[in-house]
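Dropping the structure in here first, questions after.
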Amino acid sequence: MNASLLDVEGLTVFLPVEGEERPVLRDVSLSIAAGEAVGLVGESGSGKSMTARAIVRLLPPGARTEGVIRYRGEDVGSLRGAALRALRTDVAMVFQDPRAHVNPVRTVGDFLTEGLRTHRRLSRRAAEERAVRVLDEVGIAAGARRLRQYPHELSGGLLQRVMIAAALLAEPRLLLADEPTTALDVTTQAEVMALLDELRRERELALLFITHDLELAAAVCDRTAVMYAGRVMEVRASALLHDDPLHPYTAALAAARPSLARRADRLPATPGRPLSAFEAPPGCAFGPRCAHARDACHERRPELLPLAGGQAACARAEELRGLLRDRNGKPVVSHDHA
Amino acid sequence: MTGITVARRAGAGTIRRAGLGPLGTAAAGVVVVAVVLAVLGPALSPADPNASDFASAYAPPAPGHPLGFDGQGRDLLARLLEGARTSLLGPLLVVALSMAAGTALAIAAAWAGGWLDAAVSAALEVVFAFPGVLLAMLVAAVFGPGLGAAVVALAVAYVPYIARLLRGAALAERGKPYVRALEVQGAGALAICLRHLVPNLLPLIAAQATLFFGYAMVDLAIVSFFGLGVQPPDADWGVMVASGRSGVLQGYPAEALLAGGCVVVLVVAFNVLGERLPGAAGAGGRPWRRTGLRTGRRTGRRGGAA
Amino acid sequence: MTTPDPRGPVLEVEGLRKTFGDVVAVAGVDLTLHAGGALAVVGESGSGKTTVARMIVGLERPAAGRITACGRDRSRPARSARERRRRGGEVQIVFQDPYSSLDPRQSPASAVEEVLRLHTSLDAAGRRGRVAELAGLVGLDERQMAAAPSRLSGGQRQRVAIARALAAEPRVLILDESVAALDVSIQAQVLNVLADVRERTGVAYLFISHDLAVVRQVTDDVVVMRGGAIVERGPTARVLDAPAHPYTRLLRESVPRPGWRPARRALRTGQDDELKESR
């Protein structure tokens, strides 16, 4: 990989909960090259959203961070004032629920042009022209009319496209998209995903795409990192993730999702529930739920090590290689459900 | 699996998790001390609160009479203790009556909706127009002075405030899937309200009751001060402030200051406490609230998120 | 579950309509669910699928149309407490949100027991035994059944909601996006529970969902709704493998799957959004 745009090394984050510090991220390492799209996939409590927040220094108050985040070689943790603002324009963020991130009593035009007029000192006219151009780019026709509308007049999909347009107006190099399509209908999701994919290619924009959906990440991302209990379990080229997973958790996640093409008698469901970082046992965090776990897995935490062009945090990754799928091409996991 | 212990009510975490903070704990302490003194009052009392001895009018503290005497030579400490009873009992009755009526109206309106909701809201709007103290004085003027009339009048005046607040919370609770599921099961409205709605609104009701206790105390003291509530010679802090007025002019402010101070300290304590109770933050019914880190995330259309 | 007529319809909906003000939410829907069957109602937000479910269980009053469950009409609100309970014993529902599906002050065992008290004449010991049976059916242990709901995960709460619904021994269970808010690994567990439950109790499912892969896993037949009306119906496998209606095809093409590339359809004109807004 060429020079990284973003480098996260050994990121550990603690948050205060009821008077005690609880880890939400443990030793997360991740890098994104300029123009690269990386998926961040995980279930509840995996820490995928917290990772994005840590990158733009938007952690909740009282958070304590260890490790280093470098954006274009600069330590994000040391940025203050103007430098921090510069980071936040260079790294834009799109959230799951667009309605929670717009002011409902201001028009789309106000929302889109505010930054241009105050920070870039564009005239109202020039700012609106730019906004209309970007709206067109995200597939919203009749932009001039849209600028006069209020958020509640737009559908969820349309509003999410406005949010993407707002992110693009700052001309970012890196876009952090936190479940941007989760609240949308499937057909709208497909369009927004196509849009993100197209935009990042046209603009050579780097993308960190956060989702719970392995296939969705694979559709637009070059590489995908799979997180569990605040840790990165596997990083792999997206195209290989489904057919040649390196970590039992990835295989289990792919197998648990029902198929559109056939009905399984019973789904291969992993027992137990996803853990948060603070609940994770001392050994491998996935160990208690893993069908392939050995005694050693519960004793020592496996490190994220390079393997087969990717990385995996599994003590048995190498010997399990290729065995995580059965004869029918279906991933092998235990079949009980507790 | 052989039989399952059917826990009637799971856990008692509500109060334990309350987390009143140092100020709230102090306020709770003040309230507890006041209640204990009011209950044990006569037993602790150094003298008969109504025994007057004009020879010791406005006499300073003396052995056995740590606070001295009032204008009629009655022991001040004995009267304060005696007054604590009526001064706490009155608000208690006001709060109990207004809370019961307000909760019942709120839940009935929220449950039935439609015309009943509209009718209750309209009726409450009318009562809203009357300040509590004014209504109490009006009632006293018509039915004659006394604690009973004042209590009922204040309770009526408080109902709209309580009902309005609880109606919103009840409406939110009523729309929750667990309530809907019980309806679909065919459970009766009354059973659902009594067994599920009210218990889940209880933290909010408790917080409101505590706040309104403070208001009721002030309002009743005002009514008694004007001679329309508790009647002399019965001891009451409001009555004592009124009867202590002449003493203030003559340079003996002890009676008015002590009685007034008691009211102020307790009202502050009730307010502080009411604002720190678990239900105070707003619509109750979530005493266990998940301790997770996610705040207000949408229960998405598609799958969970971190 | 003791009812005659093993394969007859347990739920029939004819010409069902619902309007909210000027908005037509459901515009003439016909459905038939057979005993022990599993019928999916698929659609996106605003398709009217949830409104159909709410009308069937009596939480919403139809503007027109007929709803018949177990041969009895339920198009109008129940008149008596007895009628209400009887309807409760015919059709039950599990909602989407696991976090508010249980009374936060009531243990799962107590919630299930409350329903048993309402619908059966079992004594305390009998109810305890039945609670244990139902818990076993949905895969919950004794400790979980006695826990405060806040100590349970979303998946466990949905299992409790399923057990509670089954306590009334309904012939029809409506699952209104009941697995949509669950994590993937938990969703798979609950889908397996649903398969077990149907196999063992013979209850029929009306499965309201936007998720075609889940629909394939759970149901035998499907109706596809759009804008309050049904656009396509048939066996689930046929409809998903060879969709006839363009909208069903679009839905199917929009599902992320291995090798999927999202298509930017009709985006420049924004037609679809105009359509959605006008509704």
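Every chain is named by a letter (A, B and C) in the order it is written, and numbering of its residues begins at 1.
Following the convention adopted for this analysis, contacts are C-beta pairs under 8 Å (C-beta built on N, C-alpha and C of every residue); 3 or more make two chains touch, one makes a residue touch a chain.
Which protein is which chain? UniProt says A = Oligopeptide/dipeptide ABC transporter ATP-binding protein; B = Peptide/nickel transport system permease protein; C = ABC-type glutathione transport system ATPase component.
Bear in mind the structure is a predicted one, so any value in this text is a computation, not a measurement.
Novice: Would you kindly count the fewest steps from subunit B to subunit C, each step being a jump to a chain that touches the current one?
Specialist: Minimum number of steps from subunit B to subunit C: 1.
Novice: Measuring centre to centre, with centres taken as mean CA positions, what chain is farthest from subunit C?
Specialist: B
Novice: For subunit B versus subunit C, what separation do you get between their C-alpha means, in angstrom?
Specialist: A distance of 45 Å separates the two centres.
Novice: Let me have the rounded angstrom distance from the C-alpha centre of subunit A over to the C-alpha centre of subunit B, please.
Specialist: So the centre of subunit A lies 50 Å away from the centre of subunit B.
Novice: Rounded to the nearest whole Å, what is the centre-to-centre distance of subunit A and subunit C, using the mean of the C-alpha atoms as each centre?
Specialist: Distance between chain centres, rounded to whole Å: 31 Å.
Novice: Which residues of subunit C are in contact with two or more other chains?
Specialist: Those would be 45, 154, 183-184, 186-187, 210-211.
Novice: Which residue numbers or ranges of subunit A touch two or more of the other chains?
Specialist: 43-44, 185, 212-213
Novice: Can you list the subunit B residues in contact with two or more other chains?
Specialist: 300-304
Novice: So in the complex, the part of subunit B that touches subunit C is made up of which residues?
Specialist: Those in contact with subunit C are residues 1-11, 13, 176-178, 180-188, 195-196, 199-200, 285-290, 299-304.
Novice: If we count contacts the way the header does, which residues on subunit C are in touch with subunit A in the complex?
Specialist: Touching subunit A from subunit C are residues 44-45, 139, 153-156, 183-189, 191-193, 195, 210-214, 216-217, 237, 240-241, 250-258, 260-265, 267-270, 272-273, 276-277.
Novice: Can you list the subunit A residues touching subunit C in their complex?
Specialist: Going through subunit A, the ones touching subunit C are 43-44, 139-142, 153-158, 185-191, 193-195, 197-198, 212-213, 215-216, 218-220, 242-243, 252-253, 256-271, 273-274, 337-338.
Novice: Would you mind writing out the residues of subunit C in touch with subunit B in their complex?
Specialist: It is residues 45, 57-59, 78, 81, 84-89, 91-107, 109-111, 113-115, 118-119, 125, 127-129, 131-132, 135-136, 141-142, 145-150, 154, 161, 164-165, 168, 177, 180-184, 186-187, 210-211 of subunit C that touch subunit B.
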